[in-house]
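For clarity, chains are labelled A, B, C, D and E in written order, and residue numbers in each chain start from 1.
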Amino acid sequence: MTSVSIQNLDLNFGSVNVLKQLNLSIEEGEFLVLLGASGCGKSTLLNCIAGLLDVSDGQIFINGKNVTWAEPSDRGIGMVFQSYALYPQMTVKGNLSFGLKNARLPKPEIEERVARAAEILQIEPLLDRKPGALSGGQRQRVAIGRALVRDVDVFLFDEPLSNLDAKLRAELRVEIKRLHQKLGNTMIYVTHDQVEAMTLADRIAIMRDGLVQQLAGPDEIYNRPANKYVADFIGSPAMNFFEGQAKKDGTINIGNLDVDLKGYEFADGPVNGPVWFGYRPEHVVLGEAARQLPLCVEAVADIVEPMGSDTLIWTKIEGVDFRIRTDGQAKVAAGDPLLVGMDPRYASIFDQQTEERV
Amino acid sequence: MTSVSIQNLDLNFGSVNVLKQLNLSIEEGEFLVLLGASGCGKSTLLNCIAGLLDVSDGQIFINGKNVTWAEPSDRGIGMVFQSYALYPQMTVKGNLSFGLKNARLPKPEIEERVARAAEILQIEPLLDRKPGALSGGQRQRVAIGRALVRDVDVFLFDEPLSNLDAKLRAELRVEIKRLHQKLGNTMIYVTHDQVEAMTLADRIAIMRDGLVQQLAGPDEIYNRPANKYVADFIGSPAMNFFEGQAKKDGTINIGNLDVDLKGYEFADGPVNGPVWFGYRPEHVVLGEAARQLPLCVEAVADIVEPMGSDTLIWTKIEGVDFRIRTDGQAKVAAGDPLLVGMDPRYASIFDQQTEERV
Amino acid sequence: MAGAKKPVRILRNLNAKVAALPMITTALVIFVGCTIWTIVHSFTNSRLLPKLEFVGFDQYERLWSTRRWLVSIENLAYFGIGSLVFSLVIGFLLAALLDQKIRFENTVRTIILYPFALSFIVTGLVWQWILNPEFGIQHIVRGFGFENFVFDPLYNPDIVIFGVLIAGLWQGTGFIMVIMLSGLRGIDGEIWKASRIDGIPKWKTYLFVVIPMMRPTFVTALVLISAGIIKVYDLVVAQTNGGPGIASEVPAKYVYDSMFRSQNLGQGFAASTMMLLSVLVVLIPWAYLEFGGRKDGK
Amino acid sequence: VELEVTHWWTSGGEAAAVAEFAKAFNENTEHTWVDGAIAGSGGTARPIIISRILGGDPMGATQLNHGRQAEELIEAGLMLDLTDVAEAEGWRDIVHPTSLLDSCTLDGRIYCVPVNIHSFQWLWLSHQAFEDAGVDVPTNWGEFVAAAPALGEAGKVPLAMGQQGWQTSGAFGVINVAIGGLDLWRKINVEKDAEAAASPAMLEVFQAFAQARLLSQGSNVQDWNMATNMVITGQAGGQIMGDWAQGEFQVAGQVAGEDYSCLPGLGVNAVLDTGGDAFYFPKTDDPEITAAQKELASLMLSKEAQVAFNLKKGSLPVRGDVDLDAANDCMKKGLDILANGSIMPSGDMLLTPDTSSQIEDLLAEFWSDTSMTPEMAQERYANIIANAD
Amino acid sequence: MANNSINIAATAVSGPSGPKPRPLLSPRNIMIYSTLFIVCMYYALPLYVMIVTSLKGMPEIRLGNIFAPPVEITFQPWVKAWAEACTGLDCSGLSKGFWNSVKILIPSAALSILIASINGYALANWKFKGSEVFFTILIFGAFVPYQVIIYPIVIILRELGLFGKLPGLVLVHVIFGMPILTLLFRNYFTSLPEELFKAARVDGAGFWGIYFRIMVPMSLPIFVVALILQVTGIWNDFLFGVIYTKPENYPMTVQLNNIVNSVQGVKEYNVNMAATMLTGIVPLIIYFASGKLFVRGIAAGAVKG
């Protein structure tokens, strides 16, 4: 069943058109991540769903009910904010129960719900503290708890982890994932951190300037980006791009290299014309094994960045900056010669005009 | 030759002892990274070196001169701040030349130096703009330029990239590295991002509560952390730890597993007693190959986080949360059974009392 | 090796110390020196000229048995509590009102703020006039046919201080409102979103969430208002000159009149010392709570 | 030289009077009169005057009520000694009554110039008001009180009274002498006899004062001349006010005996006090200024200046040897009383400012607070007298 | 219309769509705007009364209604208040006081802002031993009633030979403006990023260099707030103006008080009101002109706890 459905949503701030005829539908229990660069309209979309912004046009359905004009508290949603937005003068318990008290729930019921949420989130020992006395992660949990007690159908998260340091972020990411597995609610999660997006999402919607660029599972987005923007956006370090000339016979010409694209899955068969040839740094094969691949060039390591588990190598191929990501134990130093191999099966090729995948 | 040398440095804020008898010496041309959790005293140390804080005790030498009580501008240092700290009302050119004007350099010389720095940093077209009209990366470059024009011996960086987004951070990291390769100055760089630390540093000083925990090259720190704190701090996801019972015969008992530590390089030969057995997620071998290793157990995948280039798998071994990092193309789903192998050669073992590496 | 020696303490930051000299002098000579001078002389029987003929606590005994002083204190209490409560409440309400994304915000704000530009002398005169029963509000309302309408606060000793309060509030609430407004605007917008999602009505959000969060703003406003209250003088002089009778006297006026009109400096000094004491009684616990308490908390 | 003269004479009649001095000074000497008027009553002006003298930047001459106000300034040596001028011109002989000069004298030296005689003991009555009310113009306080209800019915305020403290306390002094008699007044104000202040005779005075309070209900004005204006325009029946009120009647073009009449001593006890204004000359280092100060001092006592000034001001001259042909009905009444010696000293000369302002405060409170009974007021009054020095 | 309904049917869209309708005359709006209207009336009324009265002739005023607009507009009261009104013998109206006020205002405001901003800067960025103590005393000074120190200051000024002279009054204004202004500047400078200050020190700028080249150019909003507060404070001052000066230096407020309290015959309310307006006009213009900057300055951290 569809849990949230957005139809032809328009949102303007004055004369600025932030969301443009946006359509999106989210299945019950699905974990959807909205990913996109800063300012692309992710928070705006989330606020529209929550009812915190009045839409300019279009409709929003939650669980089949048209809630376009409903009050935020009547939409069956809970929301977790980037700054947590905890009420600083109330205890954790006060924070959790404030909304319930206001809905005039009977006291025992409130107690019970708070207790259950606290148990799920393991914040029982913190119930009498004020938010000021909590660590970042604990605050985050309380913020989630506030949505949890209200027994909502849909959870909305607006960059809930971006104020935290890397370590905590990784831990809480897992916790949110666990929570989703446990509760099975629909969750819509905004982030601009692609690691979060990739690890958490059932499906990812990549947004740009108020439009959804691609809506698909993480795997698909990573391996078969729908256009150059998505390809460039996803992956760190970013995908390498060469300008090339594709031919109908399934080959491509890059600078003075001719490459056979055997194994590449064209959308509609081989094309003709100028294209971008994209290749991910982590799919590069180094050393003798490279010679087996259709595309194999020699290069010189420019900068080497050992990162423990991986090593990044910066080099230049055909005059273009080229990034390689390889094993952490690879012993390469700046200035070393490299043999670089690429397999067309892992490549992504985009039309230079439309920037769409071919 | 030693470029910066710090001897028995103490620094107190009121009654709080932030730096404690700290000793550190940095070679000329070295790129030293100070890494540590928030609040451990990194910025404080940097400010002491720069002369922005009065030390409580101890001495600081720069290029052999005792500068403990010298003015910041007389120490031959340049500093780059997290927030860039560009003078907002001056143009880029004004920002670059401010220090030189203060030093009463002749005008043509100022012009020349600014021009040279602008060229190195490729900010010539920006010279007449105000900082407000620059992008994050450009501001960063201007901030570096400010140190550059002053022809200093030592560059101090205080988290210069932490205000930027991931993509820009990666790019500028490389630029700083290039700059270092080009200029060859001594650089001291504060960060709490371990990727930066690992990729930039010649040597890393890991700090904790005003003390240096380990001072070594990135490789050494990653592969042979000096104590459990360092081991835990470095690496993402963090190292897995088991409590174990080491025996003099070079074996170790973890839960009901007995493991032969063949290949592990003990500091002073095998030990006896309670230890932590640490193992990095990325060194885990999965599948049939695991059977070849001294430590091989069966487990069930709890959560799977596909991250494109890698996949993180969360599982439980001997009742302890266990993280595995593997290939991006690995097709593992939550609930799948796993065969997990570990090679003692890659392990790190710490005494439970002292938490020092054994 | 200039940097090797630890420099003499006093010479470090010499410039800063020199620059702070005016402040240091003012603090020491004016605020400490003059205060002490005043306190010392409050124990003398100085008349027109300060003399050091000590008479112990005579001046204080006299002070506290003087009806006018007691009335002044009482008035100050009414006026003080009134302006604190009303300034804060009205200032906040107006700020909250202006925060509702209304049209003409700038115009309204300017209208509310402009009296702050006028002196107390002007304020006092205008309100003296508006409140004059002969041709002010009372006159107008009676003109509408309400023959028995009575509104003559400045001529009724029981409520005259509230007549002064009306004028004082008119002059000062605008400034408090601006402070409150900037306090309100400083609150994280996500708090509002969170409370809307929790389904909390607006007024409840203000009451239970926003106001507690605006503590620093309220403290600032409180300090500014109280600094004004204790000094209230011009307003009373211009509006009622303490009348009718002595019904609207205030301590500052008592001090002034004792010193210059009655030519009894000692009495004036004693009264001003009492005023200082009351300032301290308010300030010290506050400072303790604000600064001393914080250390314990951590 | 320019000589700055401060004073608080800013009402119409006062300003006209002081202009006479200025004119005389400018015309008869080569000095210039720089006017430093400070509006409001003496209560506003005095602090300014005193702080300027103390601040070491004094004016050339200043009005002060003579009496004890300047005592300390003289003691501190801040005032110019005028004895040489006084002796040269024989002030002792010309100033009448001589008590005026006594109050300028400290340890045998003379420090001030009395310029006029003012008495508070007058009741000013509006003929028009009584006409409108259909009653005869009263000839004493008792009749006035009796006529009050009729005035009230005609929509008049029987007794006009400004709200400043000195007005009420002045009126009280007048009633005190009129109702209680001069002896009682002397006992209290000269001998500071607290028993007399607590006596039943004094209670009567307070009761009369309470009566006056009742009669003045509805006179919502601040300044004395606004109250006088009510009498001039017939809005009020009468006003207890010093002879300076006469200046206002004059400025308004009214004629004594026709448009208004005056009852010295409330028509009961025709005694006038001999208060008045005096000029002091703060000491300066500049001999030129000192010379100018002395010239001004002698000029102020000259016959011409005295006549011109006092005619405008409505007060009586301090010299017995001038003749005031131009004087009107009321002034003549005053001159007669003065001539037959029914005089008393002014309160300013007897009480310290401290004591008088305490009394002023008490009476102001009594006046505005109708719940305060005469008995209560008397008790506190006696207390103040007991502590007076 | 028909077209519309077909459309809806065709896309199977029903129920609310597009922006939620918000009637202009919702109860909420009516309440808010009517409250605001009443509030504005209360605040604007006195100004209105002042203006209206100052434009009426005396006969019209005597007729009664202070709120009624003038039947016959006359500027005579303004002329009189500015140039003819008398205090004692001096009939030059407010004009002299105006220029005196200007002469007092400019040096006092400039000097007090300069000194207070340097104080604030020293306190925020160059803390030295005891600086906080002095600051605390200074803040305490904000609460000291003026009357307490009027007298000793008379003596101090006398000893300095400044009594009655313009510099003396300027000094008094500087002293009494110092507590609040210093607090303002200190708070503002504290809120500026400390790293800027550090960067400038590394660049070799000294105490004054940093103040003039870095801090001042960044502090426009707070300077505006300080300027407005000082201009209104000094312009409106009565007590110091009357005590520490002499008639030739009397500021406008003193002159106003003189004119208003010098009643000659009847009270000329129209002249009084015109005089009042004239006195208030400088600060009023400043507020109306820069009210926005003022508000922004306060929001920019002028008033933080």
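Rule of thumb we're sticking to: a residue touches a chain if its C-beta (ideal position, glycine included) is under 8 Å from a C-beta of that chain, and two chains touch if they have at least 3 such contacts.
If you want to know which protein each chain is, UniProt gives these names: A, B = ABC transporter ATP-binding protein; C = Sugar ABC transporter permease; E = Carbohydrate ABC transporter permease.
Here the structure is a predicted model, which means the values were calculated and not measured.
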Lowest number of touching-chain links that must be crossed from chain C to chain D: 1
Which of A-C and C-E has more C-beta contact pairs: C-E
Interchain centroid distance [CA atoms averaged], chain B/chain C, Å: 54
Mean-CA-position distance for chain E and chain B (Å): 53
Whole-Å separation of chain centres (CA-atom averages), chain D against chain E: 42
Chain E: positions in contact with at least two other chains: 150-151, 206, 257, 260
Chain C residues counted as touching two or more neighbouring chains: 12, 256, 259
Interface hub residues of chain A, defined as touching at least two other chains: none
Partner chain D, residues of chain C touching it in the complex: 47-49, 66-68, 71, 132-134, 152, 155, 157, 241, 243-247, 256-257, 259-264, 267
Complex contacts: residues of chain A adjacent to chain E: 7, 54-59, 66, 68-69
In the complex, chain C residues that touch chain A: 188, 190-191, 193-201, 204, 208-209, 212-213
Chain C-touching residues of chain A, taken from the complex the two chains share: 47, 50-52, 71-74, 77-79, 81-90, 98-99, 102-103, 146, 150
Partner chain C, residues of chain E touching it in the complex: 32-33, 35-36, 39-40, 42-47, 49-50, 64-67, 115, 118-119, 121-123, 126, 128-129, 131, 134-138, 140-153, 156, 174-175, 178, 180, 182, 206-208, 232, 235-239, 253, 256-257, 260, 269, 272, 276, 279-280, 283-284, 286-288, 291-292, 294-295, 298-299, 303-305
